[in-house]
Structures are given as C-alpha cells and as structure tokens.
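Got a structure for you, written out below as structure tokens; questions coming shortly.
Here the chain labels run A, B, C, D, E and F in written order, and each chain numbers its own residues starting at 1.
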Amino acid sequence: MTRHDGRAVAELRPVQMDTNYLMHPEGSVLITVGNTKVICTATIEDKVPGFLRGQGKGWITAEYSMLPRATESRTRREASAGKVSGRTMEIQRLIGRALRAVVDLEALGERTIWIDCDVIQADGGTRTASITGAFVAMTQAIAKFADMKELPKFPVTDYLAATSVGMIDEIGAVLDLNYVEDVDAAVDMNIVMTGAGRFVELQGTGEEATFSRQELNDLLALGEQGVAALVELQKEALGDIALRVGK
Amino acid sequence: MTRHDGRAVAELRPVQMDTNYLMHPEGSVLITVGNTKVICTATIEDKVPGFLRGQGKGWITAEYSMLPRATESRTRREASAGKVSGRTMEIQRLIGRALRAVVDLEALGERTIWIDCDVIQADGGTRTASITGAFVAMTQAIAKFADMKELPKFPVTDYLAATSVGMIDEIGAVLDLNYVEDVDAAVDMNIVMTGAGRFVELQGTGEEATFSRQELNDLLALGEQGVAALVELQKEALGDIALRVGK
Amino acid sequence: MTRHDGRAVAELRPVQMDTNYLMHPEGSVLITVGNTKVICTATIEDKVPGFLRGQGKGWITAEYSMLPRATESRTRREASAGKVSGRTMEIQRLIGRALRAVVDLEALGERTIWIDCDVIQADGGTRTASITGAFVAMTQAIAKFADMKELPKFPVTDYLAATSVGMIDEIGAVLDLNYVEDVDAAVDMNIVMTGAGRFVELQGTGEEATFSRQELNDLLALGEQGVAALVELQKEALGDIALRVGK
Amino acid sequence: MTRHDGRAVAELRPVQMDTNYLMHPEGSVLITVGNTKVICTATIEDKVPGFLRGQGKGWITAEYSMLPRATESRTRREASAGKVSGRTMEIQRLIGRALRAVVDLEALGERTIWIDCDVIQADGGTRTASITGAFVAMTQAIAKFADMKELPKFPVTDYLAATSVGMIDEIGAVLDLNYVEDVDAAVDMNIVMTGAGRFVELQGTGEEATFSRQELNDLLALGEQGVAALVELQKEALGDIALRVGK
Amino acid sequence: MTRHDGRAVAELRPVQMDTNYLMHPEGSVLITVGNTKVICTATIEDKVPGFLRGQGKGWITAEYSMLPRATESRTRREASAGKVSGRTMEIQRLIGRALRAVVDLEALGERTIWIDCDVIQADGGTRTASITGAFVAMTQAIAKFADMKELPKFPVTDYLAATSVGMIDEIGAVLDLNYVEDVDAAVDMNIVMTGAGRFVELQGTGEEATFSRQELNDLLALGEQGVAALVELQKEALGDIALRVGK
Amino acid sequence: MTRHDGRAVAELRPVQMDTNYLMHPEGSVLITVGNTKVICTATIEDKVPGFLRGQGKGWITAEYSMLPRATESRTRREASAGKVSGRTMEIQRLIGRALRAVVDLEALGERTIWIDCDVIQADGGTRTASITGAFVAMTQAIAKFADMKELPKFPVTDYLAATSVGMIDEIGAVLDLNYVEDVDAAVDMNIVMTGAGRFVELQGTGEEATFSRQELNDLLALGEQGVAALVELQKEALGDIALRVGK
C-alpha cells in the first residue's frame, strides 16, 4: 500500500517560505507545506513579562490562530467564543518554548519577541509548519534589531525546525502527515530539532493506541531526516542572514 | 497641495480581487486595495438563528478580524483579550447589514451565510474593502449553492460595493482614503451602494469636527463615482456568475 | 395615509428635559421624548485614559444601558450575560464621539467626562434622545466644574442635538420615529447636528432596503428642522448656563 | 445624641410607592424611601428553570442593579466589568428567596416571575426597599395574570416587607438606616417579615464588631415595628388587589 | 420522632481538627465535622487591597471551593464555568467578614490574610465548618507571623466558631444539620459567635417558609451551645497558641 | 554528586495509593508520591459529548486543579481568574488522552467518565501522579459500573501509569523528579506507558536546552523501569479488581 498522495514514506510535501510577506512586521514569512499555509510574523517589544523584569534576560512568546475557513468546515472564532481553546494554548506554549531553546535570551536583553502564527489554510502539520516558519520570521526580525541596536552578539544560536511523523496501518512510519493521514494515524509525533541535530521537543501520542520502542525508533529516524531537509530550506530563505546564526 | 501618494482626489487605489483564494471555502477572495489586503470567505450553513426559525427566510452574518501585525504596531488579539472590541462589532454588523440589502432572503431559504473578513494587511479602508470583497465571495458561494440545490431564483438582487471618502485640510473632499489620510481627515464617511446607484449605508463622522451640507454633497458625489468603478471590477472578478446577479 | 400617532411628518413628539433629576451627579437630566425616557448623567474625573496621558487634553466617554423592562418584552441584562452587546457598543461610541465634537478638549484639561445614559422606558429613538439629554447633563456638569476650577474658557463650543428620520411606505420621509414606525421604516437615519446647523454624525441604513439621492435629501431636510427645535429646548432647560455655550 | 437627620430611633423615613410607573411591565413600582429610589418591575414568563421542569411548580428570580451615579461617586457598571459582583449576587438571591416565602408556587404553575430592581438613587437600605417594592410590583403582575389565566387560587399568601435596623454608638438601636448611619453602624441587620409578623430572613452582621443577645432583641423589636408600618403602605398602594392577598 | 442519625437535638456531630495538615502553608487545618471535611489554609501577604492602602490597617479575605465530587453527584468546576457562583461568593464574603470581627486589623499592619477553604467532602454545614477551621489555620499563621515580625500585640482578639441550627418538622429545633436534615429543614440558620458568646453573624432563612419569634429564640439557644463546644475544641487544637488569643 | 534527597538515579519516591478515599464518588484515590498528594476521582455519566452522540462509543475527560496552597507561595484560583490556564489545559488533555488508550470505548457504551485530579500538595510530578492515581480510581468506578450494568466485557484493556524523567547537570538522567530537581533539570520528560510496556505518551522538553539521541535513550530506559514499578503498586491497590484488567 502507498501513501494517500503518492509520496514516499520519508518524503516531505513541497515546502516554500516567502519572506517579507507583509509590509509592517520586522519579520514575516508565508510558509507553505503542501496545502498548509501559515503567516508567521515576529515583533520585538522593549519590555519583558513581570516575572522576568530586572534579570537582564529576554523572552519569546507565541500566539497561534486559524482563520475560520482554514478548515474544511467553518471553525468558530476564539474571539467570538471569548476564550482560547486548550488545543491553541498547547500549540502556543510549544512554539514559544521551542524557539527559546535556540535564542540566547541574555544576548537579547530585556525584550520580548512576539511570534504570531496565523493559519490561512490547514491540511495537517500546522503546528510544525508554524515553528519552522516562525524561526525564519524571528531570525529576520532579530537581524534587523541586532543591527539597529548594535547587539554585541547575534542571539540566535542554532537553526530550529519541526515536522510530524506517524504510524499508519499497513504502511508504517511516515514523514510529514497531511490531514487525511493525521486522522488515520494511530500514533502521531511532533519533533522539533536544531540544525545540529539535537532534540528540543518530542511529543508522541497514541490516540486510543500505543507504540513500541522499535516503532519509536523508526519514527525518530524519519523525523531527523525531515528536520535536516527543512533546515536547508530555512538557510536558503534567510540568505545572508543565515550566516549569522550560531556565530 | 496634492494627495500624500500623488493620486487625484477622485482616484481609487489599485484594486485586485483574487477569487478562489483558499481551497476549503465555497467562496473566497483576496481583495487588495492599495496596501490593504483582506481575505473574504463565505460559508452557507443549513440553519438560521433562533429569532428567524420557521419563517422561511435566510440570514447573513459577518465576522471581521485583523492579524496582530496587519498594523504598524502589534494589536492585541481579541481571542487573547477574551472579547470582541466595539470597533470590531460595529464593522461586523455593518458588513452583515449591507449584504442583506442585496440578497433576497426568502429565495435563499432557511440558511445562514457566514461571511469572514480577515485583514492580512491594513492601510486604511479595511471595512469598505471587506464589504466589496465579501460581496464577491458571497456571490460565488451562492452560485455554487444555487446550482447544487436548484434554487428557483438566484438570490443576489444587485451588486454591492463600498468605499470611503473624507475631507482633508487644504485639499478638500477625496476618494478612498489610505491610513495616513484617514488619520488626517477631519471628516470621514463610509458609503455602501448598489450597482443601481442606490444607497445602502451612509456613515459620516466628524471626529472632533463637523461638516456642512455642501461638504456632504461633495463627499457623496465622490463616493458614487468610486462605488461605480468598484462594481465594474466585481463583474470582471465574477466572470460568468456576474450575469446571474439581479436575474 | 397619516402617521400612526397622528403627527405631521415634520412633527417631533413632545419633549421634556428635567434637569437636576438625581441628587448625586454633577449633571443629570431625565429626557422624555414621547414615551421614551432616558436618565442622562455626567461625571467629571480628574484623569484621562492611557492613550491621552500627558497631552494636556481631556476625553469624553459614554455608557448606555436599558432597564430589562424598558422594552415590551424583558431584555436580558448585559451584566448577567457577562458582555456588552454590539448594539450597545455602537451606541456608546456614537454618544461619546458626538459630544467630543462640541467640546474643546484642550480647554477641559486632562479630565474625563463620563456620560451615562440609562433608558428607563423605550419607544424608539433612545440613542438620539440620549445624545440630546447627555448634552444638557454634560453642559451642567461642565459649568459647575468650570466655576470651581476657574477654567479660563468655557469648554462647550456649540449646542448638539440628535434626532432620527426615516422613510415609511405610503407616507415617505418622517421626523422622529417612534418604535412602531422604526420597525416599519425601510430606511432609518440618525442625524446629529450642532446649534450652528453643521453635521456631526450621519448614519443612514437601509435594513434590507436601499434609498436614492433624492430620498436622502428629503430626510436631511427633516432632520435639520428637528435638531433646530431640540436645540431651542436645550437652551430653555439650561437657563443661564445656555449663555456660556460657545463663548 | 439624636439621629443625623433628626428622626426618632423607631421612625421610618418617608416612604412612597408609585405603582404602574412604567408602560411596558405587567407590574412596576417606583419605591422611594427617604432619598433611596428603586424601580421594581415584575415579568411573568411561561417556563421554569431546568431543575424545576415537570414538577408543576413555579419559580421567582430577581435581578438587582444600580445606575452608575445612583451613588455619590460613580460606580463601574457590572456589564462593563463583565461580571456581577458578590454583593449584587447576595442581594439578588435574598430578594428572590424572600418573595418565594409568600407565594404558593404550585398555585402559580410552571411559570417564572422575574423581578428587576434598579436603584436610581441610593441613600442606604436599597436591598430592603427593593424587597418592599418588588412585593407590590409582583402582586400587581400576579393579579393581572391570575385574571387572564383564571387561576383557581390567588398565589400570594401573605404580605412581605423588609427594613434595616442597626446599632449606632451613643444612640443604640435605630430603625431604617440611611447611608450615613449605615457607614457608622457597628451592627447592621436586614429583617424580612410577613404581614402576619413571621420572620422570612434575618441577616445580622457585625462589621469588625459583635453584638449581644440583648442588643439583638432590641433590634428585632424595632424591625417588627418597621415592617408592620411598611405593610400598611403596601396595602394602600395595592388598592383593590390588597384584598386578594392570602385568600 | 428522632433525628435521622440518632443524635440528640442539641448534639454536634464528631469534630476533629488536624493542624499542620499541609507542608507549604503557614497555617493549615483539616477540619472534620461528621462526614464534612474541609481543608483550611491561611497565607499572609505583605500588602493590602487598593481601598485600604496607606491606612495602616490589614485585611482578611477568603476563598471557598468544593471538589467536584465532594458532593453526591458531580458539581461543575467554577474554573471551567469561568465564573464563581452566587452561593460561593456569599460564603466567601461571610467567612472573611466573620474572621475580621476577631482580628485587630491595626495590630496586623498593612497585610492581607488569605483564607482558603476547600471542601473535600460535603455532608452539610460546609460554610460553618469552614469558619471554624479557618479560625484555627489563621491563628496559627498569625502566631508564626507575630513571632517573626515581633508584632507588639497579638492581633487575634477572641475565638470565633460557627454552626448551623434549623427547624425540622415533627422534631423542632436541632443543632448542626447534616445534608439530609438541611434539605428537610423549613428554616435554616447559620450562627457565628465569639468565645465571649457575642454574635458576629446571624443568617436565618425560611426557604419557602417562615418562623416565629419563639422559634428564633429556640434556635439561638441551640446555636450558643454548639459554638461554645466548638471553641473548646479549637483551644485544644491550638495548644500553646490558644493562650495568646485575646491577650 | 548525588541527588538532592539522597535517592539513587533510578529510584522512585515512596508511593502510596489510598483507595475509596472519599464517600461519594464511585472511584476515588489519594495518591502520594513523595510529598506530592493528589485526590483522584472517577464519575460515570450516562451521556457523551455532542461530537460522539449516536456512535455507540464512550468518552473519558479529565479536569485538573491545584489548591491555592498546594504550592510554596499561593497560586491564584482559576475560578477567581475566570479562566483555566494553558498549563492546566495541557495537563487535562494529557490525562484524558492517556486513559482513553487503555479503555475499550465501545465496550463502555455511550457514557462519559469524568476524571477529577485535585492536587492537595505539590512537590513535582503532579501530572504523572494524577495519571497513575486516576487509572486506579477509574478502574474501580468501571468495576462497580460493569457489575451494575452487567457489561459483557470489562472495558479496561491494560494498566497505565506515568512518571517523569530528566537530565540534571553533573548527575545525568534521573527518575521521578521532585520540585527542586524539576527546576534544575535542563530536560524534562513525561512518560506514560501501559502494563505491557508500550508507550502511550512521550513529552520531552528542553527548556532553553536540547538533548541528544543517546540522552533520550537513557531517559526512556529509566522511564520504563519506573512505570513498571508503579503498575505493580496499582495492582496491589486494586486488589481483586486487578484481575479483571485486560480480560
């Protein structure tokens, strides 16, 4: 049996990153992964949340949202519902935490980077696309900021990208699930890694299912491959700025 | 003195309407008016709000939102704030009311059309661009729906478009204000009209200022011109469907 | 055909303004327009909202509410619902904006005027009665305040009143719609004007209907007449204070 | 030492009850107790809350609110705050519970009586004035309803009124505290009683103070006197309907 | 007829107070009254609410909650509902007010004592058990605090305990109602008293019923007995600290 | 260097599970892991959420909360804040999802199991203790329910327990982190596994840190050991019911 859209098990969907997508933000990217499209922006604000004040350290926080018709049937707006769903909060916390792992927050100084990921069209993998795109938007914004403020050190310490892997019946482990595969998958894992190949986040879930140690190993191998390919695309998208990461 | 961006007083900004912009919605348009960009979608749902149930009539309701970085500085998300602002509510009510004026709600039957207008980039005139774009998305969605359900009559009775006009010191009445002009304008008026040249909504406001009857006449003349031009662009964007409006 | 309550098309309902209606507020009016009754109060607070701080300018903000049984059937309290409706927000914004057009905010200094309009009984035209009554309550409060603080200039620059006009089938344009007429009207327009006869706000709406330029002219002519009559009544109600407006 | 406003310790403030105060509600009263003024209305709805459905019994529920400038300094609206305060909830629950003690809920049938008490002007004793006025508004609404539906039995079984008593330094127990006395009182007690002289609610509170059994007895004696006087005034206000209570 | 659980009418259920129940709080008690179990904790914070700032006085505030399955059927969490119920607010206000009657707030200084009462298991009388237990937790926390800060005076001026009494058909007045009795009781009264036998709060309620002066006297007599017994148990639980109260 | 509390790297803290801890719930456990104490209860309700209705399948949903003084300093109640935090939502979703992996939802029928986990005292590992305890409470409730309803099959298919592992500087991988270790740990991983040794959830996070594949392997090995030991304790706690799991 082959994958629903004909891809090989270890094949990413076509990925594109349009940088400087919007006129106002300091960093902005439209990331396209197959039919999934997310606008990622980065904003640097000259203050930190209360719990960090006076420590000489910065912070990164993320917000995530979907247009009501990013999905097959219309999803109610969280603003109308008057509250943010548990799923959205989980994703927001994940994006912020992941990015903080590759930014030297002391080098950033007492500033907050606001990441906004708005899903224009959803076809699976919106949270991993958000992380991958947000890294690019954030790095652009930091580059402008570092020049303007003459920061002594470039605060981005490594690349960061994310993808999903999963176990599908009769196929096994596959890379970069689209929506149909995501629904079918017994096990679904999001993997966030650095350019150096180290793990930042690993979230594996058996929805009404479980997985063995061997299956875990297969999933991790695919994820490592996928992230490495995404990091190459980030370098291209960042152009000259790419050289400053980790320096 | 001339306008900030060199336009003539009666000149619209460049307008573009990309139809079928998203894969999921029945109708979707990316409308671009100068630097203002709004994604408009239309969704038809097979039920009506409680107050209309059993009357054999449909309804149209609209929601409006801006990405946090659609604007120069970051705007807080309404989902995070936990409530929709007064400005947003005003705009949502305006869009819904305006579209209802050109739809035969009995011909639609007991269905609700959900209009979603998401501002990707803002440079003045987001509410009028939303109305103009939403009309196109809605008409597309209705066309698909009318075919599928074999409605006896096409429910869209006329075209509908909107623009803004305003009074600027040392220039006078101008058409289609961008953000800088909007801030400068002593008087600001939103005009919604039909393809037949009748008024649907007129909202004129002097922010800490007032206007005379003569100034009002000048503003209305410009608005009529602008809307007529926008209706021509809507016809182009709709292609074959354009012929069904008002039939 | 004649009007529902026998009035001529250009005839206002009986209007009364009871000043100093409550013991606590600096300015308070019970305005009665036909069966519509609104308590309007004004409170002056010695600070301004954050966005104005340090600019030497004041602000005017308004809140509007209806008693649950101001209406034919009981309306749910917004406090119980936990949120202010879109209609209420629209009205609140309108009242505040209208009053700001006739107050010299620099002369007021860094203070906020809180306007509260509470509808005790509703029979159409509550928002225009609120504006007309609020102007009187505000002017009284400002007069007391100007004396107490010895303001160099009286900050109210002109009179301000509001009324509604509408198009009714088989009758045409009429002035000051009561509730039954408001429900019947195809077109409904709220007009806010100054004592000098200049427009401050114009909000014309065709609810599932449209209107021509000629109809608009007829409506405006009626509105001008109505506002002029209301301004005369405001002068009477204000007594000696009336002479200080615009000086 | 004598009372602040010259009253005897056992003297109520002047009380007035204007029935049929509003045009829309089935029962409405403006109750005036000294400078305290409350509009009380009653609305009968043909359904009961979920927990009572199918039991053949009715329900009475109350809502209470103050205009922002009912008080000396402006109180923030609960609708703007987005939630009802603990004080308001306590009062609402008290009013509903008190009225339920004198209504035969089976005789009412599966209906809900909504009581709305809106304080127009506050000078102490707003909750007890609300109960006293609400009883009159409710009885009027029930009388109309009983006639219309030809209820076999008049559901109001007895009169119900409320007043406050308190201990003031150097004066001792006093009846019907106004605002200044309320602030001064070490002990404050609200007493709700029936026409037959039985207790319905007793809420005595020492705010940073305590009271002895003897002081309690003195307070109760005053309260009994005050309620009896209020019941006589209710009978007058109700006119012919007064004869149907308890029959 | 005898009581449901065989107790005499003037008999408390078995009461136990486990002090230092939790490791983190400065004062904590698990109070058990029959099957009712409440964890009470006290926290002293070095600031006061805005309305008290700069007056050299402290404050005591309480929060109350029930585990969802403290009750026979599951109660929805108030955090999930997004708001605190009227019943909870009433109880919270009662607990705080009661404790403030026996604390010298000037001697406490500008500090807030937070009382938390969490009902683990409910079988009637949770609010009175909360007050009785909270007094112990608070006194422990204050004792530690008084030592640490070397307060010149011990701020707790007297003991404070609470119980409920009620009228049950065919039995009459009974002390310390459990849940089954509470549901049966026509009249229910909560009594909060000091160690010196003075009243702090008295809340008597006839739920769809009324009570005479004689019945009130019977209820008060039982309540006085119950509270006196509870105060003895508090002294035991407090050990050495007991001697500092009122000194 | 050794662990803060002297444990070996692969040593769990002392674990205790008091079953039938509360009188009302069908299943209830007080689980103690070191100083962490959580009350877990299970409630079976005879309906399912809307999205599952009519599919013959059950559902499991979980709620999690901490007493304000479960922690070193007082944590604000989510009920008072009016919303559930992102952290809480994440934990609630995790607990529900984990338990669903070992319950045959078809065998359960159209019922919802509500799991409530209330942290009485927190010292690290509250979410994993919640899962481990909730499994026991749920299995007890299901056993009673299966008997009462004569379910053809026992719906619990396997054991389920959870623990945390982490990387600590100068020590390396350790099992079952207490609060102090959790704060110190560069990498923190929650592992949920079945009695059969399969993974259900894996959530590894580098907070401002990353981890290698080798470190991941070390962490997984410890986690497997810890979960196996916890499952043995669950079997003891369940007594006879233990034999029905997976049958």
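Methods note: contacts are C-beta pairs under 8 Å (C-beta built on N, C-alpha and C of every residue); 3 or more make two chains touch, one makes a residue touch a chain.
Chain identities (UniProt): A, B, C, D, E, F = Ribonuclease PH.
Just so it is clear, the model here is predicted, and its values are computed rather than measured.
Chains making contact with subunit B as well as with subunit E: none in this assembly.
With steps allowed only between chains in touch, the distance from subunit C over to subunit E comes to 2. The chains in contact with subunit A as well as with subunit F do not exist; no chain meets both. One inter-chain figure worth recording: subunit A and subunit E are separated by 51 Å, centre to centre, where each centre is the mean of the chain's CA atoms. Averaged C-alpha coordinates put the centre of subunit C at 34 Å from the centre of subunit D.
With centres defined as mean CA coordinates, subunit E is found 28 Å away from subunit D. In subunit B, the residues that touch at least two other chains are 82-84. Touching chains close into a ring; read starting at subunit C and passing to subunit D, it gives C, D, E, F, A, B.
For subunit D in complex with subunit E, the touching residues are 83-84, 86-87, 89-90, 92-93, 97, 100-101, 105, 189, 194, 196, 198-213, 216, 220.
Of all the residues in subunit E, the ones that touch subunit F in their complex are 22-25, 28, 35, 39, 41, 43, 45, 63, 65, 67-72, 74, 77-84, 88, 114, 116, 118, 120-121, 123.
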